[in-house]
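Lettered A, B, C and D in written order, each chain numbered from 1.
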Amino acid sequence: MLRGILPPLVTPFHPDGALDLASFEANLESYAAEDLAGYVVLGSNGEAASLEEDEKLTLLRAARRRAGARLVIAGTGLESTRATIAFTAKAADTGADAALVLTPCVFKSQMTLDALRRHYEAVAEGSPISVVLYSFPAVTGLAFPPGLAAAVAGHPRIVGLKESSGDVGLLGRIVASVPASFSVACGSAPVFYPSLCVGAMAGILAVANCAPRPVAALYRAFSSADHARARRIQEVLTPLAVAVTATHGVAGLKAAVDLSGRRGGSVRAPLLPVAPAVRDELRRLLDAAESAAKA
Amino acid sequence: MLRGILPPLVTPFHPDGALDLASFEANLESYAAEDLAGYVVLGSNGEAASLEEDEKLTLLRAARRRAGARLVIAGTGLESTRATIAFTAKAADTGADAALVLTPCVFKSQMTLDALRRHYEAVAEGSPISVVLYSFPAVTGLAFPPGLAAAVAGHPRIVGLKESSGDVGLLGRIVASVPASFSVACGSAPVFYPSLCVGAMAGILAVANCAPRPVAALYRAFSSADHARARRIQEVLTPLAVAVTATHGVAGLKAAVDLSGRRGGSVRAPLLPVAPAVRDELRRLLDAAESAAKA
Amino acid sequence: MLRGILPPLVTPFHPDGALDLASFEANLESYAAEDLAGYVVLGSNGEAASLEEDEKLTLLRAARRRAGARLVIAGTGLESTRATIAFTAKAADTGADAALVLTPCVFKSQMTLDALRRHYEAVAEGSPISVVLYSFPAVTGLAFPPGLAAAVAGHPRIVGLKESSGDVGLLGRIVASVPASFSVACGSAPVFYPSLCVGAMAGILAVANCAPRPVAALYRAFSSADHARARRIQEVLTPLAVAVTATHGVAGLKAAVDLSGRRGGSVRAPLLPVAPAVRDELRRLLDAAESAAKA
Amino acid sequence: MLRGILPPLVTPFHPDGALDLASFEANLESYAAEDLAGYVVLGSNGEAASLEEDEKLTLLRAARRRAGARLVIAGTGLESTRATIAFTAKAADTGADAALVLTPCVFKSQMTLDALRRHYEAVAEGSPISVVLYSFPAVTGLAFPPGLAAAVAGHPRIVGLKESSGDVGLLGRIVASVPASFSVACGSAPVFYPSLCVGAMAGILAVANCAPRPVAALYRAFSSADHARARRIQEVLTPLAVAVTATHGVAGLKAAVDLSGRRGGSVRAPLLPVAPAVRDELRRLLDAAESAAKA
């Protein structure tokens, strides 16, 4: 089910912090022309943790309307199992195809393999739609327990995992531990190509918001066994990906979305906008990525 | 303003996960007889991240009704500045005396001193009540930027900090960097006595839910300069405190509250209940702490 | 210069802890029949930190005698620059072709890019033979400063880097930052295949002590663009590699060398021998790896 | 046995890196007038990892000659058990009173409680002199296993522990776990006073090289139950201690030793000298500490 490129969409805000739905929809219109498999709405880089529930549902409905036959995956993970189940049901009502469920993370030392297994199974039991696990240690401070994917992969509604740690060895071990029906998506753009090499089937990559064409080109190059081209695109994609995530964060990503001719909009505090000089750096990196995709 | 012992209250749930308000109120009634300065409602160990807003307000109102002249401090920190401001206003409407505001933590690499300073100043500007900073790296994965307390201590509504890292050196440096009007509360029971030695003025300690008497006795011993007694109580309090936080988590804390003759109740999933054998261990540790307080 | 597979040789000891040179030489004889490019002597897994200087030189001379035309790379990194220079000269006198120089690591906070750059340049200046940087954070506690490889790659005697963190993204960024004359060797077997994909040119892998054939088969598969086969071998090699490094350490590696028909010998304390049950696990993993290489 | 203040002596070098024994001896002469219990020679901050064995023995003999009735404790920990035993015997021959044995740390994942217990018991069995455990996670990357001190405290030659993590809670738990005959020394100056409060009996503090008087004054204030004075001195000592360890490292410490009228000398590469501006900062911090001790 998880195949190809799915940008985890940014959520544009007006300068006063209000939701900028028109920009969100304009971005979806722009992405329609790109080689994408679908969209993740309400991912970490979509500032889901800073959105109210009504805003979240508004975004999901808008994505559904504009996505056509493409997948809409909704980020529905909340700290408690019951709240996650309740919100997943609401997301399903908007027409989302699947729920992406971040690991709970407040009580890290208690998030044992057993606790997480029960959490995901309860969410899957209560969910009308498919469930995708989501591990993002940079956000949660929680390492993914190696055996978790295999432990829940047998559930008919648990269909995959987004792995965002950047640890290709871990990703490979997970792929090797699950049946072919369970897809692992790479969530860390600097290791997208090597992750594909060890069995990732999809890319849910923040950088695809501002550079969908290079990301899709890398994926196509890999799919057609053109390893040399995939590696070349990876090399120029990496600095851009690092800049719009680890270095400059969501504000950097939104600036790059603006620079790519789309509408990133403002961030919500406590995030701060990037300094003007960052835009010059991002433009250079964007240009390099686009050139590599065309070459 | 922050002086003495304030338990960060557990939130009892029924076995089906529903809020057990009667137990919460019964606990407050029991605490009325103890030597406490007030209560923190909606702290991390109160499972605030697993509560809905209406539940939160219900708990705050109940605490206000039962607290009499004692302080009620509301945990109001949310990921976005705007949501924190909005909820702080609602908490103030319930009669809470102050807001305890956990550092935002989703985008750790972006939570610079500047971003956090602006966050706290904006929350304080928008708040009708006093604001207390809250650093809890085991939950947030975020180290407290050493200069932040001094940077915001000048704001008339920012009155203190709860420091829960257990790093006594850091706590001492913070105390030394702020005016006397800014109080630092210790949030890590295993270092309560040494934290008082370097200038902490209060203890907001999970273990005070199940052992308010030993915690208060330690504080009184320190206040009357009886260091030998304070150290003795600390030594028996530490194993209990570690058991009900790091080792067994909130489920362990709630079991200990039950064993102390109060009502801990169930946890919300994904937390799991403790194994039966843990209760025996907790009972021994509780008894030892009570004995030390009496000796 | 760094191309292909070079096992970082274990150092067999007698049960009383004395150096077992005969076993070391027997192993070299056994490796002569394998598809290897050379040997690393005195690597971390060679227990270099537990060897005296005279033992080190004895091992180097033995390796030189038995290596024929193959490369002999000597681990010569010590904490101080001057000691590293002095020992590198002695290693060169034994006929070693290159020196593998682990980052100094006692004073981690002082090991800035500048300090490390000067260290490596001074070692290279003083060395009669080629120098290879060596980063192994699990041993040193020191992350590799991203710009270091590029900063020193221009020195005519600094020819490469062994990167043992397992971070494929980092390895890829390093490869992209250096001239083609500077080789990056992968030092983490669970990511050997994806590391080759992003530009590693060699594997210096502990697991090659006990499973040289599967490691060499993976490398040949990659070199002949047979990605499917390389990935298949990687998948069975990974559990073995994890077992003989992270899980069971050098004692596990030596037990696996014994089981492979070579002579691992004893470890030096404080390392402890593995429990007997571990041997059964290792045998299974070895068999699986050999089968994959033959398939 | 471990009581009072013992500076872990810096090792002065000439600008060319050669050992500057005359400066080392001049420092000992200067310390004779201070209120110190003894000296640690070959500690981490003594750059022991950058010294040759003959240099180490020269330093120990010089310390013994100049120490009079004061304790001389020799840092003798090496990676292997056998090398540690051998060097401890040589240190004992120079007249050292005790051996300070840093935890081995190359193979961190294998340094279990059991492995470390056997290591320390073997060293103690082979040692003619008393043995003191030494935990310094910032150098070793190894957390101290909580039960280790209690596990070895029964050995007649294992008399104490230097705890340098700065974790006062851990130090307190260790003190509570061992008999009174086993002394815990604080190795982290920013928490010296609170560590004394929870039972540390000594201070082995780098900052005592440049500020022996304030450190001794803090210790005397605590010993005479003058907590207010101890805390005041701690507050001014902390910034100096942080500057000469975490911030500027051994080079900063040596610069401060110079500024205090003693002879710090040069560092050995890969350490770099401090920038000139650092000396101004250090002078201010030194003056503040001296003033606090006099007040």
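We take it that contacts are C-beta pairs under 8 Å (C-beta built on N, C-alpha and C of every residue); 3 or more make two chains touch, one makes a residue touch a chain.
Since the structure is predicted, the reported quantities are computational estimates derived from the model, not experimental observations.
**Q** Check every other chain and keep only those touching both chain A and chain C; list them.
**A** Common neighbours, chain A/chain C: none found.
**Q** Same or different for chain A and chain B, where same means more than half of the interface numbers show up on both copies?
**A** Same: when the shared numbers are divided by all numbers used, the fraction is over half.
**Q** Give the label of the chain whose average Cα location is farthest from that of chain C.
**A** The most remote chain is B.
**Q** Measuring from the mean C-alpha position of chain A to the mean C-alpha position of chain B, what distance in angstrom results?
**A** It comes to 35 Å between the two C-alpha centres.
**Q** Which integer distance in Å separates the CA centroid of chain A from that of chain D?
**A** Distance between chain centres, rounded to whole Å: 49 Å.
**Q** Quick one: which chain pairs are touching?
**A** Final set of chain pairs in contact is A-B, A-C, B-D, C-D.
**Q** List the residues on chain B that touch chain A in their complex, please.
**A** These residues of chain B touch chain A: 17, 44, 47, 49-50, 52, 79-83, 104, 106-112, 114-116, 118-119, 122, 138-141, 246-247, 249-251, 268-272.
**Q** Looking at the complex, which residues from chain C come into contact with chain A?
**A** 166-169, 172-173, 176, 188, 190-191, 193-195, 197-199, 225, 227, 231, 234-235, 238
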